[in-house]
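Per-chain residue numbering starts at 1, and chain names A, B, C and D are given in the order in which the chains are listed.
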Amino acid sequence: MNLWQFVEPSMLVNLAIVVPVIGALLLIAAGNYPNLRESVTLATAALLFTIVLVITDNTFNAVAMETTWVALFPGLSLTFVVEPLGVLFALVASFLWIITTLYAIGYMRGHKEDNQTRFFFCFAIAISSVMAICFSGNLLTLFVFYELLTLSTYPLVTHAGTEAAKKGGRTYLGILLSTSIAFLLLAVMGTWAVTGTLDFQPGGIVADTENKSLLAVLLVLFCYGIGKAAIMPFHRWLPAAMVAPTPVSALLHAVAVVKAGVFSILKVAIYIFGIDRLKEIPTADVMLYIGAATVLISSSIAMTKDNLKARLAYSTVSQLSYIVVGALLATPIAAAGAALHIATHAVGKITLFFCAGAIMVAKHKKNVSEMAGLGRVMPITMTAFAIGAISIIGLPPMAGTWSKWFLTIGALEADKLIIVVTLMISSLLNIAYLLPIPIKAFFAKQAPSAEPWSWAEVQEAPLPSVIALTVTSAGCLALFFFPQPLVDLINLIPGINGAINGVG
Amino acid sequence: MSVIVDYYNYWIVVFLMMAGFYVVISANNLVKKVVGLNIFQTSVFMLYISMGKVSGGTAPIIIEGVTQYSNPLPHVLILTAIVVGVATTAVGLSLVIRIKHAYGTVEENEFQNEDDAI
Amino acid sequence: MLEQHLPALAILLPLIAAPIVFILGRSTVVWLLATFTGAWASIVAFQLLLTTLAEGAIHYSLGGWSAPWGIELTVDALNAFVLLAVTGVSTMVLVYSKESIAKEIDKAKHGFYYTAYLLAMAGLSGILITGDAFNLFVFLEISSLATYTLVSLASDRRCLTAAFRYLIMGTIGATFILIGVGLLYMKTGTLNMLDLAERIAAFDRSRTINTGLAFIVVGVSIKLALFPLHRWLPPAYTYAPSAVSSFLASTATKVAVYVLIRFIFTIFGPDYVFYDMGMDMVFMFLAIVAIFKCSYMAAVQNNVKTILAFSSVAQVGYMVLGISLVTTTGLMAGLIHIFNHALMKSALFMAVGAVFYRVGSVEVHAFKGMGKQMPFTMAAFTIAGLSIIGVPLTAGFVSKWYLVSAALQQNLWVIAVLILLGSLLAIVYIGRIVEAAYFHDVPEGRDASKLKEAPLLMLIPMWVMVLANLYFGIDTSLTTEAVGHASEWLFQSTELLEVAQ
Amino acid sequence: MTEVLIDLVLLGMLAMTALRVIFLKDLFAVVMLFSIFSFVSALIFINLDAVDVAFTEAAVGAGISTVLMLGTIALTGRTEKKNSHSSILHLVVVCVTGAALIYGTMDMPPFGNADNPIHQHVAPRYIEDSPKEVGLPNIVTSVLASYRGFDTLGETVVVFAAMIGVLSLLGTARPTNKRATPESGLAKHRVLHVVAKIIIPFIILFALYVQFHGDYGPGGGFQAGVIAAAALILYALVFGASFAHRIVSPRQLEVFAPLGVLLYASVGLVGMIKGANFLDYNVLASTAAAGQHYGIIIIELGVGLTVFAAMLGLFYAFSNQVERSNVQ
């Protein structure tokens, strides 16, 4: 903590955005020396995490942090304001960046990928954009960095350069860019035209707006404009993005990018519409049920996928809609649950992706059907997978329990029984498509090999990768037993106001 | 009747303009297009000169004892416009010659078929 | 001493440099002289803009004869702003020209190139600054004749037919303007723009004035390639030498848009044009059709220069759309897009020219693998392309923002949606080229080792334009201040006239 | 009434000529009809008191333009082929445009009425004050060279631009080879030789007269330049281009044309140096009147020089093309 005590609190926000960029430039300079390059990346990630920790500390101490860069238009600037929800997301993203970097080093080397410098560079730029999204003080800033995030992750998706990668990249860019320009920009500008401001304010900024049907349209535009939230039918980009190397899928398409989407929706719900006002908007319910439908449909699709990453991708689509549903239920507890789900789903899903990648590197297996009996060869990986899967399903003693619990309570509070039922069915579906994988890995009937299991059989992925997935699976457990810090943070969000004090 | 006396000049000029304009847009031969352009422009010059006329006036060169002169300003403008016209004609005709060298024809539909038109 | 003569200098610098360049012939000195002239003219334009922003309009009576008897140069925020864009971009294209025309134009004709270029610049500056309707016609013809020459300098024979078509359409347009100005003159007896405005506002609307308006609008619309009068533009931009395409795409049509604005707002007054004559609906309809039809046309072409040419017509649609909204914000959007579009299109055409320099073709397949072979060129193309699409932090985003705001201010949600959908089409046509550059290998039979990065003298101006795209996408103070002043003044002036009435 | 009658007859002739042009396929006839059109227009201009304009139209339209067109059809063939595509759309466009114009004439000030706005505003000052302010009896020259001198500078630049365009397209005339010379021109026609030798000096003299007398009567630098060019064109036609090149070579023309523009502009610059606005002649000499006089003489020279060089240059370029194709 002492590291940053001489820096002004507001300056920290700038640092959080700029440090990854500097790191990116440094690692380009170190491009020809892989060891140096990766040390730079790790160091940057660690540095960023410390910055975010200090910001978190300041948030608890109610130190106001904001900074303005440049006025893009008269009365509209690129502004960054720290608020608890953003801090939560920043914490998750920056912490997982360290782990992912560690993992990526093992993965990329193990996989002998080309263009590793470009890979790490784009990765750092993407993280910088995510930080900017976390701390954005108005919708314009959010929009600007939302687009930057799309563009900076595009080279990562198409990293392999194969025909499939190109096709995936086209879908990725096409959907994300189109929805954001056609819907999100329109929504942002519509808000600007209606209210005359774009600042995120506690309680929302549309309180004085009489025209409800206009707000209804705006809400739909926001929900679909934020294509990164992957609400059906604009979810196709996420499975398409799975052609990327696994670390990318892990951090960006389980954590940073997709969470940037649902984070934006949460932020719009809380700070633009305001939770109270949201209830009165007719389309909130419509979008709520579309979200619920997305939860169920994509879970069902996930079951049909044999490719592990594709299955995980559809699982992600489904879980993202939990958060959308939480935001649109428009009760404080549901919103808190949604916020918490950002963190809990992140650790769970990243663990699963890490495992998928580790299997790919170690055994070159992509499909679920080939993974029977893998527990003998990769016991650590498969154990981690089981932990992650249970967390995603939402069973104790894993982190996912809490967020699903609050979401369900929120749905009950809002008198939306259909949503409660949906959540229950979805959990069952989760069990159906996730749990069989570790179970078969450990207990499937193998070809008659009477040999008792021994360590000699073990063929794990490279050490850095194994460490990474161990850490995240430990995280799943830790967040179950010690969720209090995160809960405290969420309680600071205006509109939630300590709604979930009873936990722990 | 007075309408005719007042405007007959303009009407004929309009007719001339449109004749020239028609040749420009409908002619297939590029030389004829340029001729049409010239007729079009010359007729526009006549519009200007017509408006400068004052009945009973003389050419705008100061002579003792004359008080009624036609308006000199349209004349000045048209002097300039004539020069602009001949300049355009010269460049246009040079292009026609080069097109003849390049395509062997100056009929619009023939060279359009040779290259895929945009 | 020169301060008081700035308006005259803006025209005279290129005008006097042109004959000198022609006498000097075809050496490197000529290039230096032309570039120097361009740079000086840009500085003059910048000074003019600062002066007008600080002190208001400048009037300069040529020959010492006051208006309306003599010809007056009138500089206000509007034309100073456009002048800055035109001279600035022209200068950068001049820098770029040296290497580019070495490849594309016969060495013996380089002297003609620079002379015609400077004449075109002088003509465009003259159109922008003059305060006299007939003088505008004269400068219009100077710039037109010079551009016909420039287009015809390419070695592809198709440039000849393109130039001829351009000449016929351009001359018809100019003659229409001449007829229109004649009709106005007939009713008012004056040619000075401000005097015309006063007298038109004072007279009752008459059929003659209506016809004059119609002819001027149609004539200018030909010049600015407003759909459906745009047919001359794509071939001209496609077959002209790359440097010329870059120059024309970023200046000629922009100046024509300026002329449209000047006639509508300063001379006729928006009340008359839009409320009495209902032209706003016509413009809006044509602009929307232009955006979609020509963006679509751009998306299906195979020649990159044709793609960019159709894109230009579509972008002109955005400018006209801004004007047709008849609000200060709408006009600001149109004006800002004049400036920003000049920045992006010049950069794009420069990048295309650089590829032509190495590959010798501008078909989309010629771009395959260029991302690796010519990284700086293709990066420039990509960034400028993002600007066309309207991605945040580029100049194109600023234009789009104002345009959509203007539409929303008027509660025209449909228009706002259409604007945004239109920019999706830009993703398609830019995306195709970018994809070819980055995701394909150099085709078989093309020696990749020879496809090096473009020469520095092409890269530098290209990147200056790219950086300008980024700069004006982030720091919009200069552009918004200028267009804010300009559009407020344009609307105000008509109100003032009404009060006087 | 006679004026009106003459006007009507001439306009009728124009209308017939224009109609013939539409339907004729023989391009030679079309060009000659255009020449007639131009010439008749010049007569109408005289009838409408625009003597300077008439002079110019006759020299340019009936003269230079016709020569250039004839040169072109000599290269491109003299008949227009049958036009296959439908022209109904064109007819509609033309009718709509024409209808708009007729609609516009409905509110026009009556033809020839001295109370029309254009005779009341701006122009009166030219008529009443220009003899004092500029000091020339020919008001057109005063307005052209002084009040609207900037237009005329522009006009000179247009001519220069046209020359640039034509030369870049057709190439600068190369010295023709010796063997081609006898066939070219009209070398065998003795009568022409004699007549030309007698006429050419007078034409040049006339050109000089028009150049310097433009202040007092119709004429000026532009007309003078065209006439002087015509003298040399005649010489080239009769004796062959290579002889004409010996008098004024294409290379010299390429220097004269820009020099004329520079001469014009420099008058303006001197005014600027002397502290007045660009093209303000009042400061050129001790009194305003003398200043105007000097200024106008020099700029008219500039115009004359550029126009002469450009017109002759155009002719050289065109005739060079014709000769080259003859040689082939």
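By our rule, contacts are C-beta pairs under 8 Å (C-beta built on N, C-alpha and C of every residue); 3 or more make two chains touch, one makes a residue touch a chain.
What you see is a predicted model; the values in this text were computed from it and never measured.
Taking the definition of touch as given, a chain qualifies here only if it contacts chain C and chain D alike; those chains are B. Chain C has the Cα centre that lies closest to the mean of all protein Cα atoms in view. The two chains most heavily joined by C-beta contacts are B-D.
The distance from the centre of chain A to the centre of chain D, with each centre set as the mean of the Cα atoms, comes to 76 Å.
Rounded to a whole number, the gap between the C-alpha centres of chain B and chain C is 28 angstrom. Rounded to a whole number, the gap between the C-alpha centres of chain B and chain D is 13 angstrom. For the pair chain A and chain C, the distance between C-alpha centroids works out to 45 Å. Across the assembly, chain C contributes 134, 138, 141, 145, 148-149, 152, 179, 185-186, 191 as residues in contact with two or more other chains. Annotation for chain D: residues touching 2 or more other chains are 101, 105, 108-109, 116, 118-119, 122-123, 126, 148, 151, 154-155, 158, 161-162, 165, 169.
Residues of chain B found to touch two or more other chains are 17, 21, 25, 30, 51, 73-74, 77, 80, 84, 87-88, 91, 95-96, 98.
Every pair of chains in contact is given here: A-C, B-C, B-D, C-D. By the touch criterion given at the top, residues 1, 5, 8, 12, 15-16, 18-20, 22-23, 60-65, 68-71, 109, 112-113, 115-116, 119, 122, 126, 134-135, 138-139, 141-142, 145-146, 148-149, 152-153, 179, 183, 185-191, 199, 206-212, 214-215 of chain C touch chain D in their complex.
For chain A in complex with chain C, the residues that touch the partner chain are 70-74, 143-144, 147-148, 151, 158, 161, 166, 169-170, 173-174, 177-178, 181-182, 185-186, 189-190, 192-193. Residues 134, 137-138, 141, 144-145, 148-149, 152, 157-158, 160-161, 163-164, 167-168, 171-172, 175, 178-179, 182, 185-186, 191, 234-235, 238, 301, 306 of chain C are the ones that touch chain B when the two sit in their complex. Contact residues on chain C toward chain A in their complex (touch as defined above): 386, 389-393, 398, 400-401, 404-405, 408-409, 413, 416-417, 420-421, 423-424, 427, 431, 435, 439, 474-477, 480, 484.
Considering their complex, residues 17, 21, 24-25, 30, 33, 37, 40-41, 44, 47-48, 51, 73-74, 77, 80-81, 84, 87-88, 91-92, 95-96, 98-99, 102-103, 111-112, 115, 117-118 of chain B touch chain C.
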